[in-house]
Amino acid sequence: MIKVGIIGATGYAGAELVRIIQGHPEAEVVWYGSRSYVDEKYSSVYGNFFKIVDAKCMDDNMEELADAADVIFTATPQGLCASLVNEEILNKVKVIDLSADFRLKDVSVYEKWYKIEHKAPQFIDEAVYGLCEINRDKIKGTRIVANPGCYTTCSILTAYPLVKEGLIDPDTLIVDALSGVSGAGRGAKVANLYCEVNESSKPYGVTNHRHTPEIEEQLGYAAGKEIVINFTPHLVPMNRGILATEYATLNKKDGKLPTAADVMAAYEKYYKDETFIRLLGDGVYPETRWVEGSNFVDIGFKIDERTGRIVMMGALDNMVKGAAGQAVQNMNILFGLKESMGLESAPCFP
Amino acid sequence: MIKVGIIGATGYAGAELVRIIQGHPEAEVVWYGSRSYVDEKYSSVYGNFFKIVDAKCMDDNMEELADAADVIFTATPQGLCASLVNEEILNKVKVIDLSADFRLKDVSVYEKWYKIEHKAPQFIDEAVYGLCEINRDKIKGTRIVANPGCYTTCSILTAYPLVKEGLIDPDTLIVDALSGVSGAGRGAKVANLYCEVNESSKPYGVTNHRHTPEIEEQLGYAAGKEIVINFTPHLVPMNRGILATEYATLNKKDGKLPTAADVMAAYEKYYKDETFIRLLGDGVYPETRWVEGSNFVDIGFKIDERTGRIVMMGALDNMVKGAAGQAVQNMNILFGLKESMGLESAPCFP
Amino acid sequence: MIKVGIIGATGYAGAELVRIIQGHPEAEVVWYGSRSYVDEKYSSVYGNFFKIVDAKCMDDNMEELADAADVIFTATPQGLCASLVNEEILNKVKVIDLSADFRLKDVSVYEKWYKIEHKAPQFIDEAVYGLCEINRDKIKGTRIVANPGCYTTCSILTAYPLVKEGLIDPDTLIVDALSGVSGAGRGAKVANLYCEVNESSKPYGVTNHRHTPEIEEQLGYAAGKEIVINFTPHLVPMNRGILATEYATLNKKDGKLPTAADVMAAYEKYYKDETFIRLLGDGVYPETRWVEGSNFVDIGFKIDERTGRIVMMGALDNMVKGAAGQAVQNMNILFGLKESMGLESAPCFP
Amino acid sequence: MIKVGIIGATGYAGAELVRIIQGHPEAEVVWYGSRSYVDEKYSSVYGNFFKIVDAKCMDDNMEELADAADVIFTATPQGLCASLVNEEILNKVKVIDLSADFRLKDVSVYEKWYKIEHKAPQFIDEAVYGLCEINRDKIKGTRIVANPGCYTTCSILTAYPLVKEGLIDPDTLIVDALSGVSGAGRGAKVANLYCEVNESSKPYGVTNHRHTPEIEEQLGYAAGKEIVINFTPHLVPMNRGILATEYATLNKKDGKLPTAADVMAAYEKYYKDETFIRLLGDGVYPETRWVEGSNFVDIGFKIDERTGRIVMMGALDNMVKGAAGQAVQNMNILFGLKESMGLESAPCFP
């Protein structure tokens, strides 16, 4: 059994890690780290785990955890993982960081968008961006996985094959995305109260949301050049789910737009054998209800011949493929397990 | 592998059966029965099963199904199971009926409350009321399991030990219950449209809801006499969940009310070793969010010394313990499997 | 124009007062009191008032307010109104207190249930319980109106005529009530975050909710004796609305249960001419969607001959008839205006 | 008093007309037309109008209605208004059509996008597109007002000044919009059931939604040329509200992007004195909660200097400014009343 330590176990992503690992045949949580609830029973914080998890919450001591665990998940605010990690720890355990600390390769970009100093820039190069379907091979040997964000996983996977194959002009890319409220975390803020969020939709972080450079960097690798995009997140009243609707101008070939078959071929080239990517095809659109509780990403598209653009759409569960599920998928890769282990349950509807 | 046939596979309870059995190590669905969607791909009706279930929907032919399957679940409107079942079928397969056809022992009570003629009264005696925690032993050998309703499972289990032990006067019992909307099924009715249900709560079936005689019959067995109760269901805006708040006058002993310890002892006498019943204890109240997606029933209580009453509260997921989950639990009992097999996943929150 | 000062204008009840008075032809808000947002524009706290309210928030200075306003609404936590009010202030302005400070006549009951010392017990006798339909005449001349709570307004009005006419045994009364989340206020608490409340229902304050003695006191006046009841509030996922489902044993007369006509006659005796009470009658049940945004209370009932009980049901909008609307109705009574002035808009659906 | 007849009074838009006119000082409904509910009490279909509207539903007889009313609102499916209207009727009453029948000037565009034959093309020229803030003067004298759609009102008003002033390139315009579920109407469809819509978001009508040519035609007038755009609607789980997020490339002037002040000046040029348009300004974004129940459109924007695009965002209540409210605003213009009469209530939150 793989011994799992979680720092930040009482946030929503942490709790989802607990849920997934509780059903994982080869892993068990040995450390429920939570600065806010030290010594309280974990199941008093999350009543769903009553009679399932008997443990109490522990503090954030990563040094001690490194001896107790085989892998540490940090489901914590930006900056914490970077401030705790060091060479000695990395020599003992694998670290899968669900925060943004090791996602961006350029430390100045990190510091600009996140407005904090990076405390462990020496590990940035070594860290692997844990988008499993793209970076599977690099993940295998690494000590630090930078687990991608929820918006980014959805946005990148939805556009990646078309960027990579040159079917679209990446500089025309516009990502308009919707998120359920769990993405905002469990902090007690007026803005996230039930009555503030229910029966409302709103954009936020327009032109400056922190997931923007992450999308740009990864799709830039696919494009083979630096790109800038527009990314607009919206909060909509549901617990879980990310829906990304992406627009780009199609590149003509011999004066002709690519066909739906061309587009589908590009998607299949990269995703045909992927367990967790479901290609809906031309004219079929993803809905967040069909992925809820699962590690799937559903992708559909539609070409608009009138405007010469394509609309690509992707959906995932922000708590699973957008956070804890992908983190476990990364753990499976790191430890040589079947990649889908513990992640095979069907989406739960309604 | 147990071969499972589902009649009514495209209703919500049927779809939940598919989801649970998809994760069951010893069972597989071989027949997705759906009169409305014959020959359509099951995953086109429930997109969550895309790339998981490849089969098409089939008709309701129970004769043919009896040869193809080891167990048939009927997740259909009242009357259908009774109209299809016969001796020959019962000699070939087990039948677990999620409708009310075989729940009430007195056919006249059935016909009065359901307002339809019973087509197979000869099997009523033989059928076992599939409330697993109470009737486990009787279920083992039967050919027909009458799977309890969602309100009834919650209402009965919450009060059963106190009725059985004589701690409360069953004739004072009042059950006030809330239900999520999935309990209303997938029929296209104005009353269940999003805008009609959202942002509203309402009572319905006041004094005459069909689950009333079912609760009375089963708690009557516990009381050792016939009882009548008040049961009031309410529709509240959420997908899943039943919450039952139950009131009864405590029986005094030597002029004194039972204590919380007395009450807890009664609960523990019957439920201490039950996997799926979580006793929250005195002053801790169930919330539907903590059981969502799981087969658990959470039960708490509070004595009111001022009025001499006790308030008992139970919560479950109407799709799981209130329908498909309990049906699979019954299947496990029927086939000698570990009772919790396929039902062990933790509740999913948020 | 009546000059209105609001202390606690940035809570939900305060904001609803602002909304209602903005549409009131004879009143205007002159003081938006909010300790937390002093000097901030009111419309930056509540964006719905952008371009409607230009004022900034002011502090809680009741002395100063007493000179500026004709009536002060205190939409504040328990204890604040009692700590601010004094003889001098009451000689200058009317006070309508939306908190519980002056609702209970017995100060020891207040101190027991609210667990705080009462700072102005000398005004309790003088204060009138502002349940307009019952106490209209007493309200007219008073200096302090104790505006009833949301649960209590609904619970009392639903049962009052039957208690008063002796049709039910008040000691058997059980009130089971549901509330939308706005009743919990705008404080930043984890328990009221969207993801905690959405897709869940829960009881709370079982046997000890603070509205209990308020219901008991008022229905006790109707009964002509002290009574104790059970009251169980539940939180359900909707913004607004209170639904009370109430159970009581009917008193037989000459060995016979009252008929539906008897019950309806009792309701009509008290409410026939009431603008804001809509009697749905026998077998028709209230739904919170039909009262949303309005000052109506909808009341229906059903007799259960099997158990000898009646189920009475009432619904209102907790922000309007349960708080700000009733407060304005009280203001109208105090100032000799038409009682429904500013409160005539139809419920808003969906 | 203006006598109002409504054809389609039992749809959601029809019910909202009833609600608004009920609060209008100079208009009253004299005909509640509803083919489905003829002879049923209107308040039995919409319980919010119990004790407010006493009338019964009547059939769709527009000839008879033309004698009884001063203005007829048709809140009906596409094709119905065109099939009923004729010269004689138009000589007697004003017609405000909430369907699409008279919105598009080119009948072939109508027939292509709506896939039905137009039954009264002779009136298309005469009809005025009832976007009040843009076409106020033309509306005054017309006999037929084509009341704009919900998505279109929001999409056009949000972009209009920037298109008109040449600040953006209209061929780069992408409109990504979210809608509450009431926009889908009250028809009994599985897709609109509570459990299907709740906890999910989905795109639909991608590249071919019928509001597309309407936006293109109107913004084309502003641009002074034909334009094609991308419009993608999404369904999100809330009762009311439209949020449009619109992207366009800014036109440079002397090699420089327009500034936020330039953009704001363009908005103010057209909307400065508009009662129902609230300009939030640079970096402030609309949220549907702030307009709910009102006739307001809230508009904000943000320039992205990195990509050279602007993100424009607008929000309105699809039932009010997106349907019934704008229809009443048009009625006010037609009859020479104050344009905001009956539409002045503040948004209702929460």
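Some observations on this one:
Letters are used for the chains, namely A, B, C and D, taken in the order the chains are written, and counting of residues starts over at 1 for each.
Following the convention adopted for this analysis, a contact is a pair of C-beta atoms (placed from the backbone, for glycine too) under 8 Å apart; a residue touches a chain by one contact, two chains touch by 3 or more.
This is a predicted model, so every value here is computed, not measured.
Between the interfaces C-D and B-C, more contacting C-beta pairs are found at B-C. Each chain's centre was taken as the mean of its CA atoms, and the one lying most distant from chain B is D.
The distance from the centre of chain B to the centre of chain C, with each centre set as the mean of the Cα atoms, comes to 38 Å. Centre-to-centre, using mean CA coordinates, chain A is 46 Å away from chain C.
In chain D, 12, 182, 195-196, 198-199, 237-240, 287, 289, 292, 350 are the positions where the chain touches two or more neighbouring chains simultaneously.
Those residues of chain C whose C-beta lies close enough to touch chain D in the complex are 12, 15, 19, 22-23, 46-52, 182, 199, 239-240, 278, 280, 287, 289-294, 296, 298, 319, 344-350.
Residue ranges of chain A in contact with chain C, taken from their complex: 12, 181-182, 186, 188-190, 192-199, 237-239.
Residues of chain C touching chain B in their complex: 174, 176, 178, 180, 195-196, 198-204, 206-207, 228-230, 232, 234, 236-241, 243, 245, 247, 283, 285-289, 292, 302-304, 306-307, 309, 311, 313, 315, 350.
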